[in-house]
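Before I ask anything, let me first share the structure, which is written out below as structure tokens.
Here the chain labels run A, B, C and D in written order, and each chain numbers its own residues starting at 1.
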Amino acid sequence: MSKLGRRKFLLYGSIGIGTSLLLKACGSSEEVSSSDGTTVSDSGEDTIKVGILHSLSGTMAISETTVVEAEKLAIEEINTAGGVLGKQIMAIEEDGASDWPTFAEKARKLIDKDKVATIFGCWTSASRKAVLPVFEEKNHMLWYPVQYEGQECSKNIFYTGAAPNQQIEPAVDWLLSNKGKEFFLVGSDYVFPRTANTIIKEQLKAKGGKTVGEDYLPLGDTEVTPIITKIKAALPNGGVIFNSLNGDSNVAFFKQMQGAGLTPDKYPVMSVSIAEEEVRQIGTEYLKGHYAAWNYFQTVESPQNDQFVTAFKNKYGEDRVTNDPMEAAYIMVYLWKQAVEQAGTTDLEAVRKAAIGQEFDAPEGKVKMHPNHHISKTVRIGQVRDDGLFDIVWSTQRPLDPIPWNQYVPQTKGYGCDWTDPNKGGKYKVEGV
Amino acid sequence: MSALIEGLFNGISIGSVLLIAALGLAIVFGLMGVINLAHGELMMLGAYSTFVVQNVFKPLGEPWFELYILFSLPVAFIVSALVGLALERGVIRFLYGRPLETLLATWGVSLILRQFVRSVNWLLVISIAVFCLFFFGGMTILKRRSNWERIRNWAITILLVISSGIAIAVGFLIDRVGQIALTKPWFSARNVDVTAPTWLRGGLKVLGFQMPYARLFIIALTIICLLGVYWFLNRSTWGLRIRAVTQNRSMSACLGIPTAKVDALTFALGSGLAGIAGCAVSLLGSVGPNTGQNYIVDTFMVVVVGGVGNLFGTVVAGLSIGIINYLIGSGTLALIFTSMEGFKPLVDFFLFFATSSMAKVMVFALIIAFLQVKPAGLFPQKGRTAEL
Amino acid sequence: MDSELNIGIYKKKKQQRKQLIEAGIIIAIALIFAIILPIVLPAFRLRLFGRFLALTIVALGIDLIWGYTGLLSLGHGIFFALGGYAIAMHLKLQIPEGQLPDFFTLYGVNKLPWFWQPFYSFPFTLVALVVIPGIVAGLLGYLVFRNRIKGVYFSILTQAALLVFFNFFNGQQKLINGTNGLKTDTERIFDLLVSSATVQRTFYILTVIFLVLIYLFCRWLTSGRFGRLLIAIRDDETRVRFSGYDPTGFKVLVFAISGAIAGIAGALYTVQTGIITPAIMQVAFSIEMVIWVAVGGRGTLIGAIIGTLLVRLAQTFLSERFPQVWLFFQGALFLTVVTVLPNGIVGWFKDYAWQKVQFLLGLRQPLVTYPQIEEDPAIQREREQLTRE
Amino acid sequence: MTNKILEIENLTVSFDGFKALNNLNFSMNAGELRVIIGPNGAGKTTFLDVITGKVQPTKGRVLFKGKNLKKIPEHKITRMGIGRKFQTPRVYLNLTVRENLDLVANRNKNVFPTLFGYSSSTEKRNVAGLIETIGLDAKADLLADLLSHGEKQRLEIGMLVAQSPDLLLVDEPAAGLTDEETANVGALLLSLAERHSIIAIEHDMEFVRQIAQDKVTVLHQGSVLCEGKMEQVQNDPRVIEVYLGEPPEE
């Protein structure tokens, strides 16, 4: 063998060995994935493992970490109160890193490797859509706590955030009867705003309102002057702005709205992605007088809410606030717990069955899990006040039943979802509609 | 008439944001040929400085709080300039003449800075201080030794390991003692709110539309910065030196110009301007770890279109990109053609691009088309030395 | 003349032998990857590793243009995504005749957009996932190189192009489902579920095969006169012009090839990930691709592969444990590679570590001299005679 | 007309108003070895830049073998038969001597022939012959990076010859060489002049005297100051003035 050949050979050989060593190291690292301090020492009989799958890093971390905190608060409370079926809940946290393939990968890991009883997780629709195939393939269970655009009804997901008919539609109705008939729609350029606006446009068409314009801002973009020009051109004498921008863009939007002289008295903005936490980041001065529609505000008056807010502040700090997704995350852990206790086992099929019909006295009021895997929720509209919290200016008398398949959009009109009836399932034609 | 003025004003205000953000880059990239992908992060530091100054002024009460923005400008400039200086001395100086490597290195820096503002707390600061104390202290002591040159490589490696070891150990110790105040992040990953003083909220009513004060402020700031930079480069001694080094480095060195100092100064100046830009954009948008990322590609486009090394070109490019972006994005172009007969396809075409995200696509296409005609930008450098 | 001919034959023989050995090693490693790893690794780890291997393919493409031709592209995410979307669109269409992929109905689209039509055909898809990224790359390259825009300007423009594509794909819900992207996991290929173990294993083995093929292809490209010309363009483009070559054509071709390679990688990555979304075109990801090559050592194909695997494995390992530290670590990685290890791991190994290892093993230190003396047949003959005596 | 290999008419090149070349007229015959001298900034290198297409003329035109070179890109001009040697040797440092020569000796320089073609045996023989001519046979398979400055100069001239151009443009071939190397290069140039037309730009008067057999052209401030035999030029008062400066005013 020539000298050069041998050199090459050794080089390649060592690379091969190196790679396999690394793989090994990587494989072994699997064994002890643990969550913030709690070690996975015992997977025996006295604990039930659940997965928490949110972005702890990346752009979505800002929002998702608050939800994780609420979930952990609920788990801690349940554990202190004696756990589920006499067992302690052990949370295994995984980081989806704001990257959708990573979400799918980690979901797979939680199910295959950690053998969790259920997973609480996801925020963006994109991440939920990315993990959905995994849950379907494994026939596993995900609890999803964020308000979303609907048009989905999976056997493997329980949705505790609002469907469009529990947030967007009542908000539009309220605006129509209180604020005006002409709407301008603003949103970030991704799925939720686009779908939400499709629904709003159909709804306005049906109810005598008018969409005078719409625009979408690229995610993270902060230049909104062109949009403001369009608003002024389309609504020269004032009108309603329906806002589904997310994150950073909201800050730019409200700061520049104020600068351009679009004030809440003439141009009230109804937001569906701004909660207490976001108000603080945008600055109360810019938001004062604008509206938001949610199922829960920190200012809801009920003993359950007082207890929730106190518990949260005790655990995470006096200066913290609670908001709608956090509350939804908090209650979904309890709903799961009740389902498991009713089923008497963590067997997925049994829990799924038991979950339907579960009721819970949530901070937002009574909620109930429906056969379509969504929960009934009270709808509220709040106006931003000086301290950055919301004045609740309107709320429904009782919880609204969830409708996942939207009844304004022609393509899904007349469809329903019922997982208690094997003949109906995720999407069926409702009789007599 | 009023619509025309409004359109022009809006275009200029978008352009002036681009311009003030690109100004520092025009200096660093244009004069020094350094691709600084961390430019956006220097802006972000400026914005965070504004936030800190705002919080310092808040308890001082009314008359002072109204003025905080004026104090935050120099603070932002100094903070960003210092970080820029450290960046130049620590990294970029070793990479002159290798632009692609600089690009990668500064990207690394930008990642670090982004994570830094997310996780910075007293613990981290103390650890870094300890590290610096031991590392640079050790270096100064060792440098006095006569055989420094010989042991240099080993000494640096060992010092690096020892001081980072000590720093980490100190960090762990403090963490054990368990002061929550020390481990609490200063800013956290959340966005922070910068609220403009009352006199910058609202706007000036002219001819039926309102010019936001914040925009007027930014336009004025941009003009002041431009004049300042122009004066500095063309009328001051150091400006002369900077221009000399840009044109002929070795000749300047022979004439006794401290080129290393000039490099550091130029870079610090560019970085400081990024800080001011950061302060300015905090009036318009959000302040968070990702603030800088939104600007970086746009600002590079401005510099490329303007022609490298030409401030005037940058100004023209910034303003024209701003105006075009506005005209397309706000649908004004589509509107203009609607009023004329027989332009139906053109109207449809412009309407398709008349959303904020599609306007970006269109502007980029225009830039590529423009570069087909003038590959070296609006005002290219000419002559034998003008090798791209 | 006679001796010259001898040299030629001697060299050729030696070269052939070297090539044979190299081919043997490659096949051996490929067999390890293709046969042994699937047995050793658990299924979802294997899937992860398969994705890493797909990424090594795009790293090869980047090495081709950066390491050899000196063009730093920060926009390879575009081509990667195009390949991924091509295959995903085909998989989405594996539904009964007349039906539309589910997401269309949500946005009120009742007719399949025209550009989806050809993706019914499997052969077309296979061609498209190579050719479309290749053409897009070629076009972009042509528009840029034609005007002699090079160096960092090229990098900045590719980055801007990336941003534009990202915005475009993100915003076009009615055409390609916007941010949510296209799922492939729940689709069927040849009547098998894409996410099933058999299909995934096939994809894994396909990835290994493609990696080997593309590696060999790149070897062939870079070893001949063409490869030397690429190096010449990298080192001194003006001089190449004055040698009578038009660098534009070469650069466009090699950029298109690199884009096509990224397309293949994207397709393989997508089917093993289960979803393709515009997020794959984020600015950071495309810059990361470059750092894989830099870590391994640019200008050496094997370096691109090693670098990718190392960085990705480190990322999985570190980000699983300390998500906070990963960004710091990644930033530091960029800095160190650029300042301390400009030639990457392979370069460092070649220049420095290999000699150290030889020294430690007590092997003969190669005399640093003109290789001519080592290879001159006259001297060899003399040596032989000397040893014989 | 036909035996004029290069004609330049009223050539002006201006950079931002500065005229590097000003209304320059020049012509030379096929087979001639022309030396161009001139003080710093006389426009010598710009002159070559224009001929090779690197810089486009602002006014005037350049005719090579009767053909206007305006707007023709560099590589086509090179293929038409103009070869250029740069001031500092520009060879491909990461290629071996043989590969350097092989690259330029390639007959078909289009993309695909280069990709699929192999060096023909004639090309190989040519390259081998050239390596011998430039005296680098011992280092033929060494990276060009490892060559000395003089060796690089020779390699570059070899590369130039490998293109088999009709007109050779040589920019200060003697810069930075030892006396011995200078003499070597001079001899090489003279032997090349037997078969090629050459324009050489030079500073070193010793060297100019060695190689200037035919006419010498003096450039000053972008135009031709004078032209003629070496002795003539040397004694021209205007030339002396530009080289030595204005005579002190009395």
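Assume contacts are C-beta pairs under 8 Å (C-beta built on N, C-alpha and C of every residue); 3 or more make two chains touch, one makes a residue touch a chain.
Please read these numbers as outputs of a predicted model, since none were measured by experiment.
A.B. asks: Among all other chains, pick the one whose mean CA position is farthest from the mean CA position of chain C.
C.D. replies: D
A.B. asks: Check B-C against C-D and say which one is joined by more contacting C-beta pairs.
C.D. replies: Ranking B-C and C-D by C-beta contacts puts B-C first.
A.B. asks: What's the distance between the Cα centroids of chain B and chain D, rounded to whole Å?
C.D. replies: 46
A.B. asks: How big is the gap, in whole Å, between where the Cα atoms of chain A centre and where those of chain D centre?
C.D. replies: From the centre of chain A to the centre of chain D is 72 Å.
A.B. asks: Averaging only over C-alpha atoms, locate the centres of chain B and chain C and give their separation in whole Å.
C.D. replies: About 33 Å separates the centre of chain B from that of chain C.
A.B. asks: Would you kindly tell me how far, in whole Å, the mean C-alpha position of chain D lies from that of chain C?
C.D. replies: 41
A.B. asks: Going through chain B residue by residue, note those that touch at least 2 other chains and give them in order.
C.D. replies: Expected reply: 293, 355, 357, 360.
A.B. asks: If a residue has to touch 2 or more other chains to count, which residues of chain D qualify?
C.D. replies: Not one residue of chain D touches more than one other chain, so the list is empty.
A.B. asks: What residues in chain C touch two or more of the other chains?
C.D. replies: Within chain C, the residues that touch at least two other chains are 167, 170-171, 238, 324, 327.
A.B. asks: Which bits of chain A are touching chain B when the two form their complex?
C.D. replies: Contact set of chain A toward chain B: 59, 61-62, 65, 189, 215-218, 220-227, 229-230, 232-233, 247-252, 255-256, 258-261, 277, 280-283, 285-286.
A.B. asks: For the complex, give me every residue of chain A touching chain C.
C.D. replies: The contact residues of chain A facing chain C are 1-5, 7-9, 11-13, 15-16, 19-20, 22-23, 25-27, 29-30, 33, 56-57, 95, 97, 99-101, 104-105, 108-109, 112-113, 124-126, 129-130, 132-134, 136-137, 151, 189-191, 194-195, 198, 216, 218-219, 409-412.
A.B. asks: Quick one: in the complex, what on chain C touches chain B?
C.D. replies: Per the touch definition, chain C meets chain B at residues 72, 143-144, 146-153, 155-157, 159-161, 163-164, 167-168, 170-171, 238, 283, 287, 290-291, 294, 324, 327-328, 330-335, 337-339, 342.
A.B. asks: Can you name the residues of chain C that touch chain D in the complex?
C.D. replies: Contact set of chain C toward chain D: 4, 221, 224-226, 228-229, 231-232, 235-236, 238-247, 249-250, 253, 370-372, 375.
A.B. asks: State the interface residues of chain C toward chain A in the complex, per the touch definition above.
C.D. replies: Interface residues on the chain C side: 14, 17-18, 21-22, 25-26, 29, 32, 37, 41-45, 47-49, 105-108, 167, 170-171, 173, 178-181, 183, 185-186, 193, 195, 273-275, 277, 279, 302, 306, 309-310, 313, 316-317, 319-321, 323-324, 326-327, 349, 354, 366.
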